[in-house]
Amino acid sequence: MRGFLRRLAGHLTRGLVMIWVVVTFTFFLIRLMPGDPVQVQYEKLIAQGMSPDQAASATAVTYGFVPHGPVWKQYLEYLSGLIRLDLGVSVDSQGVAVADRVFGAMPWTVLLVLSGILVSFLVGVVLGVVAALKRSTAVGHSLSIAGSLLHGVPPFVIAIVLAAVFTRRYRWFPSGGQYNGDEVAPGFYYDFIGDVAYHAFLPAAAFAIASYGGWLLAMRSSVASVLGDDFLLAAELRGLTRMTRFRYLARNAILPLFTVLAISFGLVFGGSIFIERIFNYPGLGMLLFASIGARDFSMMSGAFLMITAAVIVANILADLLYTFIDPRVRRQA
Amino acid sequence: SESKPQAKAGGTYTTIDGNHAIDPQAPINPYAGKGNAFSGYNAMPLAFRKNHLTDHNQHYPAVAESWQVSADGGEVTIKLQPKAKWSDGTDLTAEDIKTSAAVAFALGGSIFAITPGTTGALGEVTIVDSKTIKFTQATGARNNTFLFGVLAMWVLPKSVYGPQLPADFWDLVKLGGSADPAKAVEAKAARDEITALGKKLIAFGPAKDVSVGPFVLDSVNASEAILVKNPHFYGVDKIGPDKVRLRNYTGNEQIWNYLTAGELDSAPFTATPTNVVNEILKVSGSKQIKGLSQVSAALAFNQKIAPFDKLEVRQALAYLIDRSEVQKVGAPDSGKPAEHTSGLIEDAAKQWIGDAEVGKLNAYSVDKAKAEALLTQAGLSKKDGKWMLATGQPFTFKLQVPNGFSDWVAAGKNIASQLTNAGIAVEATTSADYAVYQKEIAEGKYAAGFWLIALGPSTYNAYARLYGAANGWTAFGGKLTHNAPGASGNWIGSAETATVAGLGTLNPGELTYQLSQLPVDQSKDTIIKLARYTNEQVPMIQMWNYVNVQFINTTRYDNYPPDNCECLRLTHGVWMQLGYIQPKK
Amino acid sequence: MRLSVRQRFWRGVWVALKRRPSRILGVIIMALFVFMAIAGPWFYPDRLPYNVDNMYAPISWDHPLSTDFEGVDVLALVITGTRGVLLVAVAAGLVTMLVGTAAGLYAGYRRGAADSVLMRIADFALTIPGFPLLIVLTTAMNFGAWWKMALVLGLIGWGGLARAVRSQTLSLRERGFIEAARGLGLPTRHIVTKELLPNVAPFIATNLLMAVTGYIYAQVGLYFLGVLPLDTSNWGVMLNAAVFQSGALISPDALPYLLAPLGAILLLTLGVVLIVDALEEIFNPRLREG
Amino acid sequence: MSIVELSTETLPGVAISGLTIAYRTDAGELAAVSDITLGLPAGTITGLVGESGSGKSTLALSLLGAVQKPGRVTAGSVVIDGIGDITKLDEHALQSVRGAQIGYVFQAAQNSLNPLKTVGKQLLDLGRSHRVKDLRGLLREAKVLLSRMGLAAERVLDSYQHELSGGMRQRVGIMFALVLNAHLLVLDEPTTALDMITQANILQIVRDVHAERGLTTLIVTHDVGVVAEVADRMAVMYGGRVVEHGQTMEILGAPRHPYTRGLISAIPRLTGPVDAAKPLPGTPPTLGTIPRTGCVFRQRCPLRMEICDTVAPAMIGGVACHAVNETEQL
Amino acid sequence: MIEGRGITKTFASRGGVLGSQSVTALRGVDFLIPRGGAVSFIGESGCGKTTLGRILAGLETYDGGQLIVGDTDLSTLKPKAREPHFRRVQLIHQDPYSALNPTRTIESTLRDPLRLRAAQTGKPASWVASQTEELLSLVGLDPSYVLPRYPHQLSGGMRQRVVVARALTVEPEVLVADEAVSMIDVSLRLGILGLLRQLRETLGVSILFITHDVATARYVGADGELYVIYRGQVVERGPVETVLADPVHPYTQCLLSAIPVLHGLERPGEDRLVPKEPLDEKMEPAGCLFAPRCPFATEVCVSERPVLGRLGGTPQHHACFFPASRHVVATPLR
């Protein structure tokens, strides 16, 4: 247990340092970006048909809310706010706390990512085992090639194809949104959950399809290497049943995948920009994309920070899970 | 577990407020750029401006039932809707309007500026009786936009916003607006206090919507806002739908998608390619309403960069580009090729200065020979089918367009193709997004780009796009100054004056500034000068005039506004207030 | 003697390829793309001819993949777009290879503080979600020139390779031959370039190929989202225009315009996947002998 | 000694006859074990020595019908008393025979335990796989065996593989092989990579349990010393063939096959003249370089004759060598 | 000549600083390798043999003591300056499979150190080629066969010879052979051992022979010294034949007793000894390190740690309070 705590403490420190670096990096990076949100707002309103003085008065109020003062001071303020989980206020949506907006969007992305990863993990692992066991047959070979192919194909391609077929050509799934606010209100009941699932299905499927190839490949090579381990032969020679041996194999082969799991969170979260954009699903990715377009500095930093933090947390969880499952690490304490 | 009551007879009307991104965390405050208050639904001004070709003072009554303007335009007396009530059931009174004016002051802008000496500012608000209120322009200041400045003011409930304001607010306004040099320090302090108050107010929003409009906000999620009918609305019997579902706007493609799925009852103006228009119109009940749009897309040049400083070159380019082809590629459904470059849209120009004057303008019909002559005259020469500058360099440039503006991108590519075929290698290139475009075009980084012009109906607004800050002229405190090209946002860089045949030497900046003060009926001559100047000097080539095309679906509702309705530019909530949009029997 | 080593290598390559016909297919596909990248633009004029009266033309011999919103032949767009796509990706791949290999070798061979620092940085590069970062960077840095973008892509993506090379180096380091070389007093430069490098080559090659594909996607993705300047013809630009300008997801007329770049991406991926399959055998002298 | 003789024993003896096992390789199917006929008399310890690649493990695995792919038995049989020809058993029968009637012990350095489960849990898996009703009894039996081998039984059962030393693992391996009362025990290089003292200890245990339980034991090793320590009988393998077999003492005292002789005289000793040890010329063959015809050892043989190139020598009187047979017949 | 005085080495375990559970691999080891001589270290697994060899070859640092190469005390030098001295010691790795770079031919493996040497000593390029062939011939390989080949194309014995040849490129004074034959086929072992012996005679190279297998140690250096090391401490040291014939330390006796007897050829020693307990590395006795396992341990053994000396007037050095000669080694029948 002490070992576990020590490990956890190590992870947290490293995670915090990482977050600090990301915060610093994005803070300064974002301030390098060209564009003035006030001007952007004004021209956008004009382009949308508002008269210039209407647009001017609508945007004038924004002025004065753009952060002022020397950059280092802003930086310190930002950091001190961060400790209180205060990410500042949006430049683009007046009066909206970035933290509220980001935490509001976060669960939706996490929902997509988690369900996508979970499904792809299950499917990928099962097919990976098949691909490894049938390695030398046509089935195994084509499974691996298909896995590599899907692993290689970028998520946006998959999302485009899914969107084209299932929301545009056949309108089996909704063309956007998290749920239909006209028909259901948030709550813990069947209709709402069903509607959320209905809306999340395609984007989550895109995540799943985009990442399942990776699991398949990882599992295949993991199984292949475990198959070469002596303990499986030993188990066979001790007359353990096929089922028992399979369980031995599966558990040992899945274990190293937890490290892959950690890395894949980063990739998958990164893909959320495309997938949410294509499926018009308002999560963190959309938020980040929209805030970049609007030059909403604080929102941008907030969304980016949250994506990074989610990845770091996922990394830590994956590693702790690994620690928990693998006695070689667990018992080291 | 809870479930919403189903919508009754009127049903749910689904549309998009193109001006408003939905933000679940934003306050219910019409001033907030992303507030959850939607014009014409739960956010109401005193009146809605009509889309009139030339008169910017024409309005549909809203919370103001009627209004009277004094002869000099400096005093506006407003009669409020006698039946107007807030959605919480309380009466709307002149007190509410005075509070609304106070909030408008706190947030500044337009006639609510408190900078001493600002032209056209509001001086005083007087309650006449509980349903009548008078707005007086500050003495000494004059501006012909006072009426619409007053009428455009958002109406807010005193019960909600009153407590946010200090008791001595109006004294602060008076003090802040004082031009007395002896009180300068106090005035500044007062203005600072008001600004601070503005910061607070813009982020403020009631927990629950208190609306005077036809609808009340019910719920918002990241992709839509749900509004329900306000039973206390003064014109409630005209309102068809029981509920409105406003979906978030994330891009044109999304709207096309909704429309082809038949998921919208109406959509805001959306640039749409022909093949998609055809798809949309295949959907049963799908129709288009077309009307006036007072915007033009133009190709703009940076005259600091050679050879755009040469008038002949700009004119030659105007002769070379086939504008109808550009429009066909860029805005096939929502545009009409511009006939003349005049700085105004075609119909407005005819109204302001008459057909005869418009007829005198050069149409720059495609004419290769003339273009070649002009280019040669400007010192360029043609070698192997390619135009060379006097310096011996080939004449090439990049045509910049902001990413995401699908019509401009397509049009830009087409212009590039056309010019390249004519021997001028042009590449259309996009900026990462509109923000970058804005910044870089203002910094003079682009040789050529797209620009929106001819914003009407105020001719001042239209010409300020050409001869305003972007071209070096800025008005401050009633004085016009001119900045050199490349400085203070002057990226167009025209000469300060130029001689126009038959009109002598003109300063377009000055002429434009005059338009803001001249009474409308005395502005014709100035407009003629500016139109002729623009036509001959071609600071920009007007490509196409927009047409306001809106898709509607008549499956669930009918009685939509007709083509060319003056209400077309207003939100569909306003259409409903006008009695349009009724559920199908 | 030297020649025979090389000959043997190529014979090994051939043996590895021959083992599965799919690998040969992969080589053919890759060769096709490389050919398109190098020679493609020579077949077409600088500016592709357009015809506004022939938008989204039906598929025909003249336009086997239809035409775009301006009436430009889509096949021509795909072919001429290859060069830009591959150029950036390969250049970025080279950056990644240089940085990742150098960092991985150095960290793994030197260990100690340099190792910790480098690996923290690599972790950082790995953890921070690359694509969002890229978008932020794009807007901040304005990737006008292809090399800028290649540089940034490469610098973002080196973490994985560095880690792979490092762990490989760490395990090689414990192998007798590296210790022996140290014991013989061979200079570090020799040890790293002659002893370590050839042994990590297969990892580098595989990672590089995967990285290059990754960069192709990142780049196409950025263009697709529309955050990069559209001044080059690029598959991503086509995708962007097809979806957001031509409504190809909705309108069947414009569908070929969408499918063409998608198909190109899929085909390229297939080629890469099939070749990676053969890489390990090619680089392992034991397997190479057949 | 003939096979018929062996089968009269009551304990399970093993009769391997004409066994040929081939691996499929790029160069075609190559025999790793060729035409081996060998008996493991019941109740004896037989040592199988041979150098790396001579086919020892392949042969050992064939006793459990567990030759691994891409290898297969191409000819011959392995008849175990009470079980029958194991090469003919189906998967299910094999599974119930393995572990229960034939125990197999892996090389010490190899990891023959599931790293994610404790020894005790794996023991229960073993019991369930073999439908043992009395799992408590099984645990008790395991504890007895472990204590017998000098281990703290409770602690070992609660340990993971990585918590055990090489010697402990090997004893656990032996426990697994015997806990279900197998009577045929196959040990493949049980002491390789263990140090001297541990090796001696393990060999002692092997000897003791063998005697206590009346086992038939095959111990595979490349170390003649190990065979000399424990085995009653020994067989020497070279290039996939048994070149000599017989009583250990006899073979060590008077090796007849030139390979056996070379092998034994190449072992340096602790006492006596240092230079008594003589190297064997040449190198052992690999699967690809084993001569397909004639005598497998002829390339390194000091007694090579013409016939050796073409005819594989038959096993006569425990030795397969043309030269030896010729001289002995004289 | 290489001499070690009180070499100590402690490894901090990988648990990190927090959970450090260090392993003491060497506890003040003294040794002397005379020029052209042979010294053998034997002992159980984990007793520190490899660590010592690696320290000598400069691949591992040591914590305390002095290492004297020739006339130079390395402890007084800066790390950089030690390097050339370490080159005089070359390590022959246990595993010939990993000791050669699989991606390089034998020729290039041998050529590079020779080139370096040629550059340093100003020898012509042709020297490299001739030296390559000469070295290979010296280790008993056919240059024309071996040179163009990759390691995987050679047998284990050939590989180990190549490893030896490579070590010889720098003309070392000492070869450290760490289990140099344990992974080599039985029939080839003697060849390698003979080679090492021959190198001692022809080149005057000293051999530090590290092994479990005492007989092979004796084969390489019957005239040398045998060091018996237990848990990082030398417990007995003396001429090979003396220690074998009359070991006095109970640990040595246990170790020698464990050597299998070739029944039929040999008769086991009559006093064969088995330790009481298995090795427990975690236990750190205050007294004699071997006391917990020693069948003869007394109270003083448990409380006091004996040092290497000649207590009891034995011909060899030992670290035991009660040295007693026992006959544990097998004797040949004929």
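Note that the chains take the letters A, B, C, D and E in the order they are written out, and that residue 1 is the start of every chain.
Following the convention adopted for this analysis, a residue touches a chain if its C-beta (ideal position, glycine included) is under 8 Å from a C-beta of that chain, and two chains touch if they have at least 3 such contacts.
Heads up on the chains, UniProt names are A, C = Peptide ABC transporter permease; D, E = ABC transporter ATP-binding protein.
Remember, predicted model here, so these are calculated numbers, not experimental data.
Contact with chain B and chain C alike is made by A. Contact counts per chain pair peak at A-B. In whole angstrom, the spacing between the mean C-alpha positions of chain D and chain E is 31. Remark: chain A and chain B have CA centroids separated by 39 Å (rounded to whole angstrom). If you average the Cα atoms of chain A and of chain C, the two centres end up 24 Å apart.
Rounded to whole angstrom units, the spacing between the C-alpha centres of chain B and chain D is 92.
The set of chain A residues touching two or more other chains comprises 34-35, 168, 277, 292. Counting only residues that touch two or more partner chains, chain C has 139, 142, 227, 243, 249-250. Of all residues in chain E, those touching chain C in their complex are 57-59, 83-84, 86-87, 89-91, 93, 95, 98-105, 107-109, 112-113, 116, 148, 150, 152-153, 163, 166-167, 169-170.
Against chain B, the residues of chain C that register as touching in their complex are 46-47, 50, 52, 55-56, 69-70, 138-139, 142, 226-231, 241, 243-247, 249-251, 253-254. The touching residues of chain B, counted against chain A in their complex, run 1-4, 7, 12, 14, 18-19, 21, 23-27, 29, 31-35, 49, 56, 107-110, 112, 145, 149, 152, 195, 198-199, 202-205, 219-226, 243, 245, 247-248, 250, 254, 257-258, 260-261, 263, 269, 293, 295, 404-405, 433-436, 438-440, 442, 452, 455, 458, 461, 464, 548, 569. Partner chain A is touched in their complex by these residues of chain C: 20, 22, 123-124, 126-133, 135-137, 139-142, 210, 213, 217, 220-221, 224-225, 227, 239, 243, 248-250, 258, 262, 265-266, 269-270, 272-274, 276-277.
Across the complex, chain C meets chain E through its residues 1, 4-5, 175-177, 179-187, 190, 194-195, 198-199, 201, 285-286, 289.
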